[in-house]
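Two complexes, one shared chain (chain A), two partners (chain B, chain C).
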Partner chain A sequence: MTAALAEKHTGPAPQPVRNSPPPPARRGRGRERAFDDVPRWQIYVPLGIYLVFTLIPFYWMFLFAVRPAGSTSLVPWPMTGEHFSKVWNERSFAVFFQNSMIVGVATLFATTLVALAGGYALARFDFRIKNGFMLALLCSQFIPGALMLVPLFEIFKNLQMINSLGSVIIAETVFQLPLSIILISGFIKNVPMTLEEAAWVDGCSRFRAFCAVVLPLLRPGLIAVGSFAFVHSWNHFLFALMFLSEQDKQTIPVGLNTLIGADSVDLGALAAGGVIAAVPVVIVFAFIQKWLITGFSAGAVKG
Partner chain B sequence: MAQAAAVAKPPKVPRRRTASPRRLPYLLIAPAGLLMLGFIAYPVISVFYYSLQNYNVTKPWRNGFAGFDNFSRIFTEDDHFWTTLGFSAQWVGVQVSLQLALGLALALIVNQSFIGRGISRAMVFSPWAVSGVLTSTIWILLYNSSTGFSRYLADAGIGDYGTSVLSDTGTVFWAATVAELWRGVPFFAILILADLQSVSKELYEAASVDGAGRMRQFLHITLPHLRDAIILATLLRGVWEFNNVDLLYTLTGGGPAGETTTLPLYVANTGIEGHDFGYASALTTVAFVILLFCSIVYLRLSKFGGDHK
Partner chain C sequence: MNISKTYRGRTAAAVSLTAVLALTATACGDDGSGSGNEGSGKGEITFWDNNGGPRTAVWTEIIKEFEKKNPGIEVKYVPIPIADVQSKYDTAIAGGGLPDVGGVGTAYLSNIVSQEALEPVQDRIKSSGLNGKLVESMADSVKVAGGRGEDMYTVPTSANNGTLWYRTDLFKAANLEAPTTWAKFYEAAEKLTDARNNKFGYTIRGGAGSIAQAIDASYGQSGITEFWKGDKTTLNDPKNVAALEKYAGLFKRTTPSADVNNDFTKMVAQWDTGSIGMLSHNLGSYQDHLKALGPDKFAGIPNPLSDGGRRVQVSNPVDGLGLFRASKNKTAAWKFIEFAASHESNSKWNESAGAIPANTEAAKDPWIAASEPTALGARSLTDGSTTIVQLPYYLPDWNNISKADNEPEFQKLLLGKVTAKQFLDKIADELNAAQKEWKELGNG
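For the complex of A and B:
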């Protein structure tokens, strides 16, 4: 404690976070939250360094996407939209974008609904194959999706679903399910059973009680799980690469891969494609990152 | 479809609430169970089955039962197996340990209260949402020799023109490592930060009253609290880093000269490009067994869920 206090005085003045009387304030603050004694520079310096490492790559991509071909300027001015219109129209990113949206949104809803049902069963019932089912969920985490490509391809070929977005939606949903079920059952366990029982006593059916009482409390968790599913399927590319060979069915990551693999890589177009790929997930992420943290800490499955 | 069934089923059940609780849980896990049986269990079984077969689309005359030939070929003849397995181990080890160290540090920093915390969190976590292909895209832009980072460094007199870190066998590992760290650290930071929310403030109060400094508080309160979360996160991430191929596939393509080929990448090349699906299945089976064995040993050694609290 003494060391922490001494350090505090040598560091820059702490930000006035709380208004407490001066002399006992130091001890009072220390008691409230010991870690608040960290000198400010010990927060801002490493954070600043890490922020530079995180943001420069994004900036670099943005820079390449908006500066005219042949320019070597490090400032994105003058801006041009030529790369964007090129990838959007000539390289069919408009179509890829639409396909990725369909896959992402469909996976989001399918995963959330199926996982909600399964998670509810695990959280609220004891049944004979429960432990076996849990074990299967955990074991499936060890299965490399990349190595299931050939058998999955054969299955979808038999179902006549090759070159249909449905194959990718199913595959993404299935591989997203185990973790989603585990997380959701954790969230449901955190909702006291007595709340539901009270609703039954009031005459609600099990389903209505669930919708009226449990569902609203699951919101942060469902947002975490749903956004996980969306971001994951938006990003994942092996299934789309394998199952969708027609160009008008492909998704954004496959389009990016094509740009990377081109004989002479058009860096401007590649960067513009990257920006198009990044925008939806970064927006989703900006909205959900708070819920992500509360969602995970609520859903922490222990014991 | 299956998800439609999931919504349709629950409302029917309550009418017979007295009789239903026996069947309801089965109805509820049915959609998930059926999907996983059809699209995970069945492919896994067929991989096991094909691992005992000669199955090569380009050499159909040799197809048929092979017994353990594929497996003995892996362990006795195939040097690629050992080199790619070694590289996988190196990749997973370096990634998981660095991601954990940086992610833990980052989580501790953004768990403090300071001005600009919300926006800093959003920014440092944002690469979590970025895909392997997009990560490759970004780092290809940074690493390329004509207009990438090195060119501007060379302009300033550092290094020389014409070096691409991705085509040099000496630098490619670290080039790929940095790219993967960039998007991997937020995963650990998010999970650890989530777990930090549940550390009881009273413990720190008591510790500081007893005169424990920040380092001792970290070692004796924070770290033990985070233990299970760290074990679980490292395990999940280790498996994920082992299995995931999209970054290396698009960034280096396993090259140069096979320098960055992981075992799954080798399997994918054998099965998909080489069409030797029987052998690829045997490799998959071996990889799966190694992964499962390592995970069990790891959980045992780390005493996950033990009585440390």
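For the complex of A and C:
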């Protein structure tokens, strides 16, 4: 019944067409014609230069990670795994990686769930302080996390959550939420209300109509918000440094910083740590690239 | 579709939530200045390593030995990245959660002392096995940096020394003498530079940490031995201005142009992997050079002699262990400090770090003689050949003045946008004002 409802109301409804961009085929042909007029080198040379600037630091990191200590070779040969072995086993990166993964995944789910609820409220309900609330959400983006450190520290201490990954997950989620709520509400606004109303007429509750009709249409937005939350919490350093004071609770960014000493730095280990830290982010982006771009552009433009 | 609601219930809920959060946020906390207590001498203590990571292995070993010799005491080791240790302490002082024992360098000691977070330890030292066994100059540095007269707020464990590292293979090929004087240093910087072939005589520190190095080069050449003359700093003395002008003039002429952004990591990496003749850093990078270049291609000597034949250098931060006032188990915490600063542990730690031990017995151990740069550094600090100009680490504003406020100014100096005189005058004015303010608060 629910599937039939979803099919019925998410089919070729007339409203989505109103806000849709021009049909892709025509736009694609126009683009092709435009590119045909441009000499190839004018496209590839700037792209090539941009790629060189973007990829050289990654190559450098990879080079330092795999070449033996003391080598000055500019090519990654002969290769060694000594730096990876060192950071993974001796410098506890196995533990840091696991902690970062827990924080990242938990933040992803928490942010997405709460942003869905908040975004739905903003998109579907009118209430007196709605504009003020939106403004407050936007303004909260201008507050640096460092300013909130001491109050957050006190709160977590009183909740006995210092040295718990939960404190970092909550703090990360709270800081991700404003932007996520705004983005999700933009997506929900783009789903015609008539689809939900049709589900209600067919006997669905509001929650069931949301799950059966609206949620499937929000996939690009959910992926965008979720991946953004994951990547941000994966890379974030400050909260993990301040709220976690036990070695077996620390995360990858803190671990990376401990590879830089007061007067010395093990570049091979640092580069290997950097590669380990970059891998999940690269994988996430490789798989969700298409959704991410669609998600952000749709949520941003039509919000 | 508009859905209207009544707001009374929600407003009440929002007010209640805000009140709960506000109460939670302002609940009485342990702000780090609590007096703590001596405790039972048993149980768990927490130790924050202020250079977490590079020294984790040696600390783990020391802690294991300590726990073996002191059954009933357990040390929880927490490595803190060096770049963020000060903000970690500041947050813990403001919000609570300080350790029992922490590594504290003189560069930020006064900041922690001024927040009443550390306990003076001179009386404990007197009645312990460490009495009379701490290198005097390091103990003095700790006293000066604390800014509270004879009170000592850390037990010194190690010191570093400014070192001029040079490539012996390149010097030999160019038929140059070791850069033991500033004149030889400048000569070598010129002769070893072949910019077209990406070879340079020197690498200058233009990014983070540049100010202390620039001040070191200025006093080293001018031979001025006091940082203060009355209430005014000697930093902008005409001799220092001339010295800095000459030193900054090396930029781009005998150094890579990218040096303008060099912090120590880039500078050391560049020297270890390239064809640069000399590098000013400290003993701490010895192991990095050894790994990258092997033992035969480089050497390290204390800073060059001035024209007057005297070696003058600015004080390097002294690292130490502090006992936190809020500790609930000071007896056990002190036992750990005493053990870590003892002959055996201090020697082991400093050998691993390539630094100069603060324990006088450890300073005589054979490994020091085997490591030439460390031996020379240790000797220069103790044989009277070197005058140390004490930098005012005790000023609460020192870190701002020597880092955030003026590192961009040094970059302007390198790029020729300000003169050496303008640069030093600006810092001198700020230091004079900070010193005046510090004295007005009843210090000094």
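In the analysis below, the second predicted complex is superposed on the first by the 261 of 303 C-alpha atoms of A that agree within 3 Å, B and C clash if a C-alpha of one lies under 4 Å from a C-alpha of the other, contacts with A are read in each partner's own complex, and residues count from 1 in each chain.
Here is the rule we go by: a contact is a pair of C-beta atoms (placed from the backbone, for glycine too) under 8 Å apart; a residue touches a chain by one contact, two chains touch by 3 or more.
Not measured: the values here are computed from a predicted model.
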item	value
Chain A as common anchor, with chain B and chain C clashing or fitting	clash
Partner chain(s) touched by A:101 [first = chain B, second = chain C, both, neither]	neither
Partner chain in contact with A:235 - chain B first, chain C second, else both or neither	first
Contacts of A:133 with chain B and chain C, given as first, second, both or neither	first
Partner chain(s) touched by A:55 [first = chain B, second = chain C, both, neither]	first
Chain B versus chain C as contact partner of A:262, first or second or both or neither	second
Touching partner for A:193 - first (chain B), second (chain C), both, neither	second
Chain B versus chain C as contact partner of A:215, first or second or both or neither	neither
Touching partner for A:273 - first (chain B), second (chain C), both, neither	first
Chain C versus chain B, contacts on chain A by residue	B
Partner chain in contact with A:161 - chain B first, chain C second, else both or neither	neither
Offending stretch of chain B which, after superposing on A, collides with chain C (from 6-14, 24-32 or 150-158)	150-158
Residues of chain A that lie at the interface with chain B and also at the interface with chain C	72, 124-125, 127, 149-151, 154-155, 242, 257, 259-260, 265, 267
List of chain C residues in touch with chain A within their complex	1-5, 7, 21, 24-27, 29, 46, 48, 51-57, 76-84, 87-88, 91-92, 94-97, 99, 105, 160, 264-265, 268-269, 273, 281-285, 287-288, 291-294
Touch list for chain B against partner chain A, complex	2-3, 6-7, 9-11, 13-15, 17, 21-22, 24-26, 28-29, 31-33, 35-36, 38-44, 46-47, 50, 102, 105-106, 109-115, 118, 120-134, 136-142, 144, 147, 149, 151-152, 182, 190-191, 193-195, 197-198, 201, 204-205, 207-209, 211-214, 217, 228-229, 236, 239, 242-246, 250, 264, 267-268, 271-272, 277, 280, 284, 287-288, 291-292, 295, 305
Sites on chain A touched by chain B in the complex	1-4, 15, 17, 30-38, 40, 43-44, 46-47, 50-51, 53-58, 60-61, 64, 72, 74, 109-110, 113-118, 120-122, 124-125, 127, 129-130, 133, 136, 139-152, 154-155, 170-171, 173-175, 177-178, 181, 205-208, 210, 231, 234-238, 242, 253, 256-257, 259-260, 265, 267, 270-271, 273-274, 277-278, 281-282, 284-286, 289-290, 292-297, 300, 302-303
Touching residues (chain side chain A, partner chain C) in the complex	69-70, 72, 90-91, 124-128, 149-151, 153-155, 157-159, 162, 193, 197, 241-242, 245-247, 254, 257-267
